[in-house]
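First the structure, in the form of structure tokens, and then the observations on it.
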Amino acid sequence: MFTPLETASGRQVTFNFDGREFTAQEGTPLAAALLGAGVSEFRSTPVSASPRGPFCMMGACFDCLVQIDDVTVQACMTPVRDGLVVKRIPRPDVSAEPHDSAPQGSENSREALRA
Amino acid sequence: MTTLIIGGGVVGLSIAFGLLQQGKSVLVLDGGDGDFRASRGNFGLVWIQGKGVDCPSYSNWSRRSAGLWPGYAEDLKKLTGIDISLSQKGGVDYFTDETELKDRIAALESLKQAVGGDYPFEVLDHSGLKKLVPEIGPKVIGGLYSPMDGHVNPLLLLQALSSAVRRLGGDLRTGAQVVGIEAADRAFSVRLANGDRAEGEAIVLAAGLGASELGPELGFKAPVRAQQGQVLITERLPFFLNYPSGTLRQVNEGGVQIGASKAEIGADDREDLGTIAKLARHAVDVFPHLAPVNLVRSWAALRVMSPDGLPIYQRSTKYEGARFVTCHSGITLAAAHARLLPDWVVGSNQVPDLSDFSEARF
Amino acid sequence: MSRDIYDIAIIGAGPAGMAAAIEADRRGASVVLLDEQPRPGGQIYRNVGIATPRQREVLGQDYAKGDALVTALERSGAKHLSDITVWQITGTGRIAYSRKNQAEQLEARQVIVATGATERPVPLPGWTLPGVLTAGAAQILMKSGGLVAEDAVLVGSGPLLYLIAAQMVAAGSPPKAMIETQTGSDLQAAMKHLGGALRGWRYLAKGLSLIAQLKRAGVRRYTGAGDIKVLGSDRAEAVSFTWKGRELRIETDTVLLHQGVVPNTQITRSLQLDHRYEEDQRCFVPVTDTFGLSSSPIVSVAGDGAGIGGAAVAALSGQLAALGALHRLDLITNETFETSSAPILETRAKELAVRPFLDRAYPPSQQTLKPVDTTIICRCEEVTAGDIRRYAALGCKGPNQAKAFGRSGMGPCQGRYCGLTVTEILSAENGISQQETGALRIRSPIKPVTLGELAAYQEEEHA
């Protein structure tokens, strides 16, 4: 757990992570804001779906990855601003091969697929 | 009798694997961690469409290999437990330029005739292609689909081959840089950088770019040059892309691989910004939804090119038992190298006709 | 797009980068300083410019020493580009970077890489669980998050561990326990360097005073601990370890790891500069001369990125690197170069005197240098120590082959937290030195950048 060193004096803003509302001091690293709110798990890994959260807090380990505006970013390197909407990263489902779809064009295509 | 194989990339290991499956004894000598290695840097395609436009026998040889690929991958899986993620559901090439598309169609049509008509492909306009690959952007005017194409994880292939060669009793020595060869008929002695020696009665030179230096010691011209290619890989994404193309494929781990440039700049394997930007632009032109996706890594690797770009399969005219193999499509041809080439190496009766690929053409 | 051209570009605004920028600017060079953070200071002086009185009280005097550099930098004419991600540097001095999601570039005649250190990887069972952070991360949270870890267990060894523990005590939240990996024989090995270290007696005195503070605060210390595991299913729940022949377990949801720091060599390796394995500090360092000049005539390395020396040494190295660059650019005379650098060299030698003692007293633990097979060593791709040993058995001699086989180093962190471990394991398995085993080759981008940003890049240049 992480607790505040002192009563925050800066401007408090609201942001959203994974559908939940949080408040934090503007400019605080997003990872710190979430840790301060008791959230230590930010994503699950693409390899084994194991939970991960901030580790290095200095932009080196890439474990605190989240998505903002569809871009994967490091939460420890992203300052909190008002109205920020933060999502968890969609995980590639390793077990699901992409669906099979055959070409739907001309006769030639079905012939092509049979060949 | 031991066959020395110089080069532990996909080409050398595939031949070693095939020889071992025939019960032969092999010793593979592989270089250092920092050597130029097409086997680590390639795009991973098992690709047919458009190959051998001016050389139908190359098209046929590639096609034959693609046909052998499922069995080859299965052999490797049975032996090593490694699934190298082969997928041969067909491939799509995307076009943003009308003239380029027309030229390619004409080239494929003429190749189709040259190989006797059995050359399936389909021309798709934008809307036809969109049904197949819904993510394409408005800049894509159409594409070519061929069921002959596919892709594989080339790094898992390399690992599976290393494992398979050892499991079958082959001797694979890594960090073994060959600095010289003393040759006589059916007697070869190889000198390593660390002073060690290795001896064999037959030798296969499959050393990629290293062949240009070692080739003459075995009586080969070995006219190979480096052609640089750069590739990008994105972060892992949910699966969306069913078909590989010559320039875009989603790898089995989820990343989208974007390639590949061609540059005649000698043995330089450094990536550069201009090329990276060009490749990124192509990716976003074809799939606009990739714009917010992170590039995780780029790399440059060196293709091993003969003067006409086709493979060279050459038996030494100077020393009996010496063979030279090189190609820039080591992945596509890997199955043929494992299943057909061993006969050519040992000189048995069931030898594939590789006369179009001899060094005599240069 | 026209490119700005500078005499000297400096990457990283920690003590080395700030000192280099101040020195170079003062002597008339055009200087640009690029940094990832919103404010100058690096990790050691992070946010010092806006720290509250409470933060200063908790973090102590050494932190406040950053004020002077930050103020001098702000007063200088050096151009400070903050919130920058540098993602490529070429051997010709072209620097590509992102600013506000836009790709930009500039050129410099001389480049000073001052990217500091990262925490040495601490591959222990359970080190990937949420709630497990580096000790440095906990300190950064005090500096820039206004947070202190509560009931945390500190694991590892090294002077920084004591400093952070003492800062936690000052914050009113002492660690629940310290599980320390250094042993009596490490101390014995260090003792023969005590004589030299006494030249840097202030550091030793400071260390002893920190340890005394921890004792007064009643912090439980378990030195010589082994077989350390973080336990938990979805997050850290406890730490287990052996100590004096006993098996112990401490409940905690926050575990802070530290095994010293190592140079951040991502940029210097991406430039393919010469590196050597430094036996004393068990890490790769770029090969540099006294003034930080690397094997490239236009690239110098200053601060911890050239070898761990700490903040004071980093600032001095930054000055020296700037003097060297100025001299190569003919912006200062031979005489100025020599008279200015002589006293700095002397001070730096004194400041470095304590290092050999510290390096031996607090070596990385055997458990993290030789992790058991099931331990994850590549956090991104979840490759285990056993995987690497299996690749060694398949003939892998170096980390680049291991990366091709098993993806260690292919994830977004680009080998920052697995590279050294892979080299250590391969070296041990193959009986080949770490130097010969080598390090991962680093490719662009040094940090991820979006395809959209890259795609827009060339168009701008053509415009």
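Each chain gets a letter, A, B and C, in the order it is written, and its residues are counted from 1.
Just so we're on the same page, a contact is a pair of C-beta atoms (placed from the backbone, for glycine too) under 8 Å apart; a residue touches a chain by one contact, two chains touch by 3 or more.
The structure displayed is predicted, hence computed values, not measured ones.
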Nearest-to-centre chain - CA centroid comparison: C
Contact-richer chain pair (by C-beta pairs counted) among A-B and B-C: B-C
Euclidean distance of C-alpha centroids - subunit A vs subunit C, Å: 26
Length of the line joining the C-alpha centres of subunit A and subunit B, rounded to whole Å: 37
Distance from the mean Cα position of subunit C to that of subunit B, given in whole angstrom: 40
Subunit A: positions in contact with at least two other chains: 71-72
Residue numbers of subunit C (touch at least two other chains): 411-412, 448, 450
Multi-partner residues of subunit B (each touching 2 or more other chains): 235, 253, 292-294
Touching residues (chain side subunit A, partner subunit C) in the complex: 1-6, 8-9, 25, 27-29, 31-33, 35-36, 40-42, 45, 47-48, 50-63, 65, 71-72, 77, 79
For the subunit C and subunit B complex, residues of the former touching the latter: 88, 90, 94, 96, 103, 105, 272, 391, 394-401, 404-407, 410-412, 414, 432, 437-438, 441, 443-445, 448-452, 454-455, 457-459
Parts of subunit C lying in touch with subunit A, wherever the complex brings them together: 36, 38, 43, 52, 54-55, 58, 101, 118-119, 128-134, 136-137, 140-142, 144-151, 171, 173, 234-235, 253-254, 264, 379-382, 411-413, 416-417, 447-448, 450
Touching residues (chain side subunit B, partner subunit A) in the complex: 89-90, 118, 120-122, 124-125, 128, 131-132, 145-147, 235-242, 250, 253-254, 292-294
Contact set on subunit A toward subunit B in their complex: 46, 69-72, 90-94, 96-101, 103-106, 108-109, 111-113, 115
